[in-house]
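Structure record follows, encoded as structure tokens.
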Amino acid sequence: MDFVEILIQPETLGPLWLTTKVLVIAGCFHLLIGILLGYYLTNGQSMMRLIVDFFVTLPLVFPPIATGFILLMLLGRAGLIGRHIPFEIVFSFSGVVLASFISGLPLIVKPLIAALRGDVGKLAETAKILGKSDWQIFWLVLLPNVKKNIAAGWFLALGRSLGEVGITLMLGGNIIGRTNTLSLEIYNSVFTGEFERAIILSSLIGVFSLGIFTALKRLSAI
Amino acid sequence: MDFVEILIQPETLGPLWLTTKVLVIAGCFHLLIGILLGYYLTNGQSMMRLIVDFFVTLPLVFPPIATGFILLMLLGRAGLIGRHIPFEIVFSFSGVVLASFISGLPLIVKPLIAALRGDVGKLAETAKILGKSDWQIFWLVLLPNVKKNIAAGWFLALGRSLGEVGITLMLGGNIIGRTNTLSLEIYNSVFTGEFERAIILSSLIGVFSLGIFTALKRLSAI
Amino acid sequence: MSLYIDITKRLKHFTLSTSFSCHPGQLTAIVGPSGAGKTSLIRLIAGLEAPDTGTLFFNNTPWVEMHKGYSMPTNKRKIGLVFQEYTLFPHMDIRQNINFGASNTIHIDELMHTFGIYHLRRERPHSISGGERQRAAFCQALASQPDLLLLDEPFSALDVKTRSFLCGLLADLKTSLNIPIIHVTHDLREANLLGDAIMALENGQIAPDWLSRQYHLHNNLLYPNTSAYL
Amino acid sequence: MSLYIDITKRLKHFTLSTSFSCHPGQLTAIVGPSGAGKTSLIRLIAGLEAPDTGTLFFNNTPWVEMHKGYSMPTNKRKIGLVFQEYTLFPHMDIRQNINFGASNTIHIDELMHTFGIYHLRRERPHSISGGERQRAAFCQALASQPDLLLLDEPFSALDVKTRSFLCGLLADLKTSLNIPIIHVTHDLREANLLGDAIMALENGQIAPDWLSRQYHLHNNLLYPNTSAYL
Amino acid sequence: ENAVIASGAGYKKMVNALNAAYKHETGRSLDILFGNMGRVLMLAKQSGKVDLVLGDESFLVGNNLSLSVRQELGKGKLVLAFAESSAFSTESDLDTIKAQRIALPDFKKAVYGKAAREYLINSGRLPRIQPKLVEVATVPQVFSYLTTNEVDMGFLNLTHALNVADKLGGFVVIDESQYSPIHIMTGLLRTSRHKEEAMVFLKFLKTPLAQSIIHENGL
């Protein structure tokens, strides 16, 4: 089977389109919630903050499949949380988005926190004198000055989301034609011995990440 | 089966000890090579640097199973690189270390680069005037001033190494009693339906990461 | 709109302990040797640090009452501050910097003209000179139309001409703004010309005699006996 | 050990274009209005920026020959520089800062004593006063035993007494160090007292008449006509 | 150095038991590595260090793995398993409306998925229950969703079902005539460097002791 042929198969285009959608949505959430968490975790110190910090980090250190299983237990039909949620997460698009989101989150939050705790504090003083609230200072002064770090972190988060398999497999179900992302298709291809297909899909992911890479390089150089 | 019983089984202690060894070695390499790459990638701009940058990042965005597959092809007995290496990588301890190292590397390198490209440039000027070389400036001035960012990145890298499954399985082989890390054991347990064991091992990983977490918090607050 | 201060704070090598007041339309010049506690005092008034004991009232509103553990946050105090080390925001151009804290009744362009930096309005802080940055920081503080103006050596990076021009401007501002101004300076002549009151700080204490001790030095800039050390 | 400069560089609003020389044991004072190009000139000499055209020779060694595209890296030039905005290393204490570029024949402790900052040797830069930092930066530059000393308003954050003391010290240093010194200052009296040559910069050009135009301003610090603008 | 056997993770318990018995009988033992079948295949092809593989024949042979010896262990058996909290317990429950979701492995690529599909076609159920089917990738995944009550019932293989019987609400073995036979085999790789070792093990697998272990594990 040759390159182009595999590329334009519906079995490739489907996952490609799904991955794009997931990445766009999860990416927006990363940026938004990652930044809000950055604010929350750098303003003051409390026990609660430490706990949130720890839980944000967990998906990084747990094997994906274990995280996926824990989430399945929590969010499934009969799960502690899932029971109270009106819509379905498992086996659905939202499950895939959630998996991508959770796996990437620590990678944007942690570098952001490190940057916010750095030298930008002096600028915050000036802004405080000019009568700005913590919230204004965060958005108008601190964030623009750690833009490079955010871009670096965002790239890591998006990259992780793109390559994520274990959690997506558990939450999304890897259902062909519905929740099989590009990465899961690679996983499936390897699983069933279609190594050429795996390699072609991998190069597709490579191109994808090169795109994000250059886009963020531009963005942070503005 | 109860908690303590599972904990003190040789099937748990073996992987625990292996994981500790792997993490210590891979962690040292992360710090050392991550920092050296940080130096290389921030001093000047060339095509070569862009390429290195891209390859360092790839293991982040590729599904672990794909990365593992590619590495296996390169490093196996008949592989392009493996052919010329006098010692065995595949199915050996060094394979596990390499997998851990590669998966974590982008997470220390990327935030480090973002930090080095930041405000510390002014300090470099002063040091240059005092007659210091780029190399001295990097070690004596820049690094100490991005210490917090390094600690944050190192934590991400170690966390990723700890949770890594896909590449380790391919390079290390998941051979029981020899190359089955804690994460692989969790993977195995989930795969075969031993969920209690998976959860107990996961909490072990949780404790591990909490340890790294606090240690690095201390370290970067020095 | 008067400021009443009575505070102490333990610093590294001595205790800062002052008590004075400052009234609208008046300029209190603070002088004293390097390391005397001048900047620390300004930071305490601005609320960037809290004193150990004491009170601070502005316009009959308590800003600090340490016996009640109360300290009003900096951003509520409506002050203008020009730092010794000017900290403009690197991600904004000069105009945006000045605009950032500005009340909307002020004419930014006029202000920039007055300070001779209008032609630099589109530059980023890192690409203008030290003195230009200092003037921009001054504009920034004024544009926020503060109730209290704190100046920590705002003219140190300026040449004589600009400096004397801005001194004149400051004298005008005293009456036109009609707010209390606290002005830290190393130039005793400036302090004499502008100050309605001059307060000398030495080792954190008000030192009434420090000033007279200085005059002979100021009037003929001499070389003290210094032995070559190399 | 003489410095020969003949360079041009296009800045934002004008072109910096100077040519002069500077000899061992001599101090060249550079004065001029804010934004005239003084700091830019110092940065060019230090090699932190490259000129557009021109040459720079020190001790008959080429430092810059733009027609050959050559510019010696800063760290090879053996210079001491005190910046207008003192940049000490925040992760080192004062002693370590001064020690950092020091040649091993120098007596750091003596140097710190002379500058009155010995008691601060264990402090970090952020916990000392502005003037103290300025003196520490001066020590740091001297400790490296440079072949050329560049000073960009090193005394701006100092009170009269310390300032006049350090002026005296600098006068002594001229002979004891016996290297060329370039000294940017806003204090014309200082320039007159210390300078073997005084060079006025205005809009990037040497302006021989600028100095005489300033004297009446300096001798009686007057308020120019400034209209209230608020 | 021991010979290495790469086995599908679903047979973990059986292979461990075989290895223990092998050690007890002969004093030798194998190094075992587990993975999903895709990984097993990949490692066998690429690493150059695998001597024996264990898995289903159609997959291993179908993917051109070069084997010098093949030895059948037994037939893989398809089962229909029920979630612990569900009220279902028979094949006919497939037809009730109460069953909302039925999981099965990928029916094009996974061998038990194929078998399940054949069974559904042969029993004439497929068209009706098609909307209820949740087609996931692998057998362990089906089991994960069973334990979390995400699905009401699902198709597994007997070996796996026996391993996790305590976490299921029961299972029924599907009549073997309803799907094409699944041959579980071990094979010796041509690239093996421990051929003699491996042959000893293959011989051991034929002993009654080994056969009984294999049988106990649902083959």
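Things to note:
The first chain written gets the first letter, and so on, giving A, B, C, D and E; residue counts start at 1 in each chain.
Methods note: contacts are C-beta pairs under 8 Å (C-beta built on N, C-alpha and C of every residue); 3 or more make two chains touch, one makes a residue touch a chain.
In this text the structure is predicted, and so the values were computed from the model without any measurement.
Chains that touch both chain C and chain D: there are none. Among the other chains, E has the CA centre that is most remote from the centre of chain D. Looking at which of B-E and A-C shares more C-beta pairs in contact, the answer is the pair B-E. At the far end from chain B, in terms of centres built from Cα atoms, lies C. Taking each chain's centre as the average of its CA atoms, chain C and chain E sit 80 Å apart. Centre-to-centre separation of chain B and chain C, using mean CA positions: 51 Å. Chain centres here are Cα means. That of chain A falls 19 Å from that of chain B.
The multi-chain contact residues of chain B, meaning those touching 2 or more other chains, are 65, 69, 190-191, 195. In chain E, the residues that touch at least two other chains are 36, 39, 42, 144. Touching pairs of chains, sorted by label, consist of A-B, A-C, A-E, B-D, B-E, C-D.
Considering their complex, residues 54, 57-58, 60-66, 69-70, 106-107, 110-111, 113-115, 117-119, 148-149, 151-153, 155-156, 159-160, 162-166, 183-184, 186-187, 190, 195, 198, 201-202, 205-206, 208-210, 212-213, 220 of chain A touch chain B. Listed in rising order, the residues of chain D touching chain C in the complex are 12-13, 31-36, 38-40, 84-85, 106-107, 110-111, 114, 119, 123, 127-132, 134-135, 142, 153, 156-165, 167-169, 171-173, 175-177, 186-190, 193, 214, 217-218, 221-230.
Chain B meets chain E in the complex at residues 65, 69, 72-73, 76-79, 88, 90-91, 169-170, 173-178, 188, 190-193, 195. The touching residues of chain C, counted against chain A in their complex, run 46, 48, 73-76, 78-81, 83, 87-91, 100-101, 140-141, 144.
Taken in their complex, chain E has these residues touching chain B: 4, 9-10, 12-13, 16, 31-36, 39, 42-43, 46-49, 140, 143-144, 147, 160, 163-164, 167.
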